[in-house]
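In the two complexes that follow, chain A is the common piece, with chain B as its partner first and chain C second.
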Partner chain A sequence: MSKKNLAMRVSIAIFAIYLLIALFAPLLTPYDPFIIAGGIYEEPSPEHLLGTNDLAQDIFSQLIYGTRATLLLGFTGAILSVSIGTAIGIVSGYYGGRVDEFITRTLDIVMTIPTFPLLLVMMMFFTPGIYVTGILMGLLGSARGVRVIRSQVLSIAQMNFITGVKVMGASDLYVMAKHVLPNLLSLVTVQFVFSAQHFMVMGIGLGFLGLGDSNVIDWGQMIDRAYQNGGVINGLWWWLIPPGMAVTFLSLSLALFGYSMEDEINPRMKLTRI
Partner chain B sequence: MDIIRIKNLNAGFPTKRGLVRAATSVDLTIREGECLGLIGESGCGKTVLGMTIMRLLQPNTIISGEIFYKGQNLLALKEEEMRKLRGKELGMILQNSTTSLNPVLSVGDQIAEGIILHEGLRKKEAREKATELLEKVQIKNAAVMSKRYPHEFSGGMRERAMIAIALACSPSFVIADEPTTGLDNRTMKGVISLLAEVAKSKSMLFITHDLAAAFEICDTIAVMYAGEIVEWGDVDEVFSAPLHPYTSGLLNSLPERGFIAIPGSSPSLIDLPGGCRFKERCACSEERCARAHPLMKEISSSHKVRCHRYD
Partner chain C sequence: MEARYLFKRLCYCGLAFIASITIIFLLLHFMPGDYVTFYLLEISRTTPVEVIEHYQHVYGLDQPFLEHYVNYVVAVIQGDWGYSFEYRVPVFPLIGQKLWWTLMIMVPSLILSTIIGAVAGAWSGWKRGTKGDMALLSSMLFFRAIPSYWLAIMGLLVFSCLLGWFPLGGYMSINALFSGYDIFDIIHHAALPILTTTLLSLTGTYYLMRNSMLMTLGEDYITTARAKGLKESVILRKHAARNALLPMVTMIAMQCAHLMAGSIFIETIFSWPGMGMLTFNALNMRDVPLLQGIFLMGALILIAANFAADMVYPLLDPRVEESMHE
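Showing the complex of A and B:
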């Protein structure tokens, strides 16, 4: 087994664990993460594996439930941004000419808008729920994907087999859906993984800044709480470290998967990537 | 009856360096059941002519003239109407079969595509038909091979698959664009005899620079030089008694006729010379060749030439 193949397997395994935890959260948690489960600021014990917080909520249960929010946010954003990015990218690269020019110039303008600060402002004013947050992220973050997809489509559209399909009497829409898109699949997957990772970390960031959806528990909000309510000052590491580690490993597994996938598609990327 | 009639066709690509005149006042007719061989050096506009008929050149191409297919002017059709003709009425075998098949789809599916598009068959029926077509182009084990991907096919097999795709909806007119390029001699002979078989039942435009193949398959020959048709006639007449010096030059460059290359190279299509376009390379060029552009002259009912020697 080659090294990169190993990296891919490991990353998939780690990610699968996260996914299972998110799916079976209610079965894995000893307490409802929102209820008072004991005393406040309890240390780790067999009853409370990671102790309790300032509201007497079980931290271990919160950690488990936090997986859901993070994955949900990441995937909502990624699905949306990758769909938009792929659709626009294909149209832009396939038609070329004025259509392409218009889309590219518009993107240039859109890309000058800093995503995260804009998101922060929107979150502060509208305090949206987790789904809307995901959608906002997806919309704001789709511009980058368009460029990557577009450049790939530019080269696919020049290939002979595209002419071959047109010779058969296929319409443009047919060519784009049946011939361009399948050739983009691996690139789209990589895009999806990287944007999911990006949005997950972004969601944690929002939670940490106190701008998360207060109806759900996420790791960012846990860390924020630990900061605000004496977790750091009193050295309650079991409150702070586990959500941090959870983020790190999740992000790492996705990044690893994305990179090994990228190498798989195009070994030359290894050289060009900084 | 004429199946294809091209009248005064011009095609040019605007570039930063100027207009590339890939076809200049081309007049050609292909009768029902006839196979016309279009021969000439690389870059003389052969493929452009084929693609103009299919109307698949880049959108900014400047095209003038008329192309009649069974009496209707293809250049005046809406894109939508043209699309219905492509594949169904007008088939095309593209050059370079290595890149002309989609690498991520099985060969059978790619043949089935046209059938599904034009005949509205279900996927399963279309696939069966694709297998039949593969059998027809003499691919062994067609049922298994139709599920394979292009990279699992050899060059000759890919070429056969391309022919199957072009024939999928039994078009009445087929353009074969250098279908034998890049094949070894033995494979090439197989493909040529297959094409000769196809040519028996269809009208065809056979674009090639393989003179021997053209001789074997075609009924008539048109010789193209620097975007112009310089000679056009019955295959036997053109090969046994070529009129244009360029045609003689091409024939003399065949190994069995002495392997004598034509000196020089063809002019740039951006900066075409006045007068006869072949004069720089012509052994019998005269003073008037530089002065006046020769017109197509009918020598006999089945032979035309564009050369001052026959004025």
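Showing the complex of A and C:
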């Protein structure tokens, strides 16, 4: 148990660092990430910790500012997808019967729609601003969590206290909001963390594919720029590696948090061998 | 009953495909701009409105909603998926031709990752809580959190640039111009993309197999097997692992969606000429018809994978077949 707590603490600490960096980005950066800060393709030096890119912008400052876009993308997507997924899951599991049947069947069909290619098509039509991207990712990803929530609600809805509250005349909406939802909180948190991780990685991937918001600096666009400018072949590690490491560590910290929390709440994991 | 089950699943597949077509149609119909406008603007920035209207009429884009929809669905089912702006060829044969290259990466990766993931997951679940299990679990979760594009770039950097074991990209050497196809050369080029893709799907398969193994080990029949005095190795192979394998069938179908998204990054980074790189090019050229075709092809692949899983499952698990007859 103490080991689990350690994992959780480490992950929270790493995440807190990212959050602080995002909040205080202007104080931490030596240059405005958009301005011409020196020559082009400069190697790392005391003035430019990670050198400069093809537009003579300071890479270190860009890296710091990129944290903001990444967190924003992840959380916009996660808030939306988890809210929608949880709401549908609760309704489906709570009412059961025809409603449940309809939702489950629809879900069966929706799950065969390849969401990532669909997202790409949609990005062609909408000008990909950072919020629009987050919202689109959230909407398309909301089907993912419905099943887990639903099956949990199914078992909660059978419990005695729910029947009790209903007998006392509470409305369905009241029961769902005040009694079902609180019992789902830890599960919803796990889903939220994993969704945020998923959408951050995906958002940066979109930047890499050239679909990023050009008014915002994000790590995906940085990797893309470095890659297009021969970062691999010429070994421009100070340009290519830091944004990739940044997203990898962020993703790792969220995953670690998610798994240690899942371990806490999942009775299946506590099964011991006979 | 078998026939009824088959029919029901086929209906689902049809519905799922119609749903995909409908979504893409709604996007194309209601979003500002259409093929023809895009295309004409591509040719000349100052296309007169009359010309656009004329072309819209010729291509049937000014039809009323319902008529347009029905025509669109019929066209898609007949294999008329539009015309690519960039490649100047019909979309369907273009995608079909690239699909083989993608499958060349995806199929070996799926097979490899399923075998390795299932074996490692079964072992890990069996040895639950030991140091070996913990080490394997942690490293798998570690790799699972690494974004696919980053894995690919690092692979390229380490194995191609630093160590020089694999080529930097592409699908055959420049020598092929003189000496013709060489199957080993293609395999050499495919090796790194295949390995990366394998690692990408391996972790998911492993995690599910381990969980499934833990569930199975809690079942009564395992206790019974122990009480009968069976050897541990027999319990592992004949009772635990075999039952734990069942959810993997659905998992493999789900992995296809994951791998399709991953292939866009992996093929782009390794310059592998499959559907993924086609997607990347279509994005850069803003080739909407091609992207729409790629989406439809993706939907078809997913539907086929799910259908295959639905068909295989009852064969493996007699209990499911029982419930089908009820």
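Heads up, the rule we're going with is that the second predicted complex is superposed on the first by the 265 of 274 C-alpha atoms of A that agree within 3 Å, B and C clash if a C-alpha of one lies under 4 Å from a C-alpha of the other, contacts with A are read in each partner's own complex, and residues count from 1 in each chain.
We take it that contacts are C-beta pairs under 8 Å (C-beta built on N, C-alpha and C of every residue); 3 or more make two chains touch, one makes a residue touch a chain.
Note that the structure is predicted; figures quoted are calculated from it, not measured.
Asker: If chain A is used to align the two complexes, do chain B and chain C fit next to each other or clash?
Answerer: fit
Asker: Which partner does A:97 reach: the first (chain B), the second (chain C), both, or neither?
Answerer: first
Asker: After lining up the shared chain so the two structures overlap, which partner does A:166 touch, if you call chain B first and chain C second: first, second, both or neither?
Answerer: first
Asker: Between chain B (first) and chain C (second), which does A:183 come into contact with in this model arrangement: first, second, both, or neither?
Answerer: A:183: touches chain B, not chain C.
Asker: Is the number of chain A residues in contact higher for chain B or for chain C?
Answerer: Touching more residues of chain A than the other partner does is C.
Asker: In the superposed arrangement, which partner chain does A:174 touch: chain B (first), chain C (second), both, or neither?
Answerer: In the superposition, A:174 touches chain B alone.
Asker: A:117 contacts which: chain B (first), chain C (second), both, neither?
Answerer: After superposing on A, A:117 lies in contact with chain C but is clear of chain B.
Asker: Between chain B (first) and chain C (second), which does A:27 come into contact with in this model arrangement: first, second, both, or neither?
Answerer: So A:27 meets neither chain B nor chain C here.
Asker: For the combined overlay, can you note the least CA distance between chain B and chain C, rounded to whole Å?
Answerer: Superposition on chain A places chain B and chain C at a least C-alpha distance of 10 Å.
Asker: Applying the document's contact rule, which stretches of chain A touch chain C when the two form their complex?
Answerer: Those in contact with chain C are residues 108-110, 112-118, 120-122, 124-125, 197, 201, 204-205, 208-211, 223, 227, 232-233, 235, 240, 244, 247-248, 251-252, 254-256, 259, 268-269, 271, 273-274.
Asker: What does chain C use to touch chain A in their complex?
Answerer: Residues of chain C touching chain A: 12, 15-16, 19-20, 23-24, 27, 31-33, 128, 141-142, 144-150, 153-154, 156-157, 161, 168, 211, 214-215, 217-218, 222-223, 226, 257, 260-261, 264-265, 268-269, 279-280, 283-284, 286, 288, 291-292, 294-295, 298-299, 301-303, 306.
Asker: Which residues of chain A touch chain B once you look at their complex with the stated criterion?
Answerer: 97, 159-161, 163-171, 174, 178-179, 182-183, 185
Asker: Name, in rising order, each residue of chain B that touches chain A in their complex.
Answerer: Going through chain B, the ones touching chain A are 54, 56, 59-60, 83-88, 91-92, 94, 96, 99-105, 110, 113-114, 117-118, 162, 165-166, 168.
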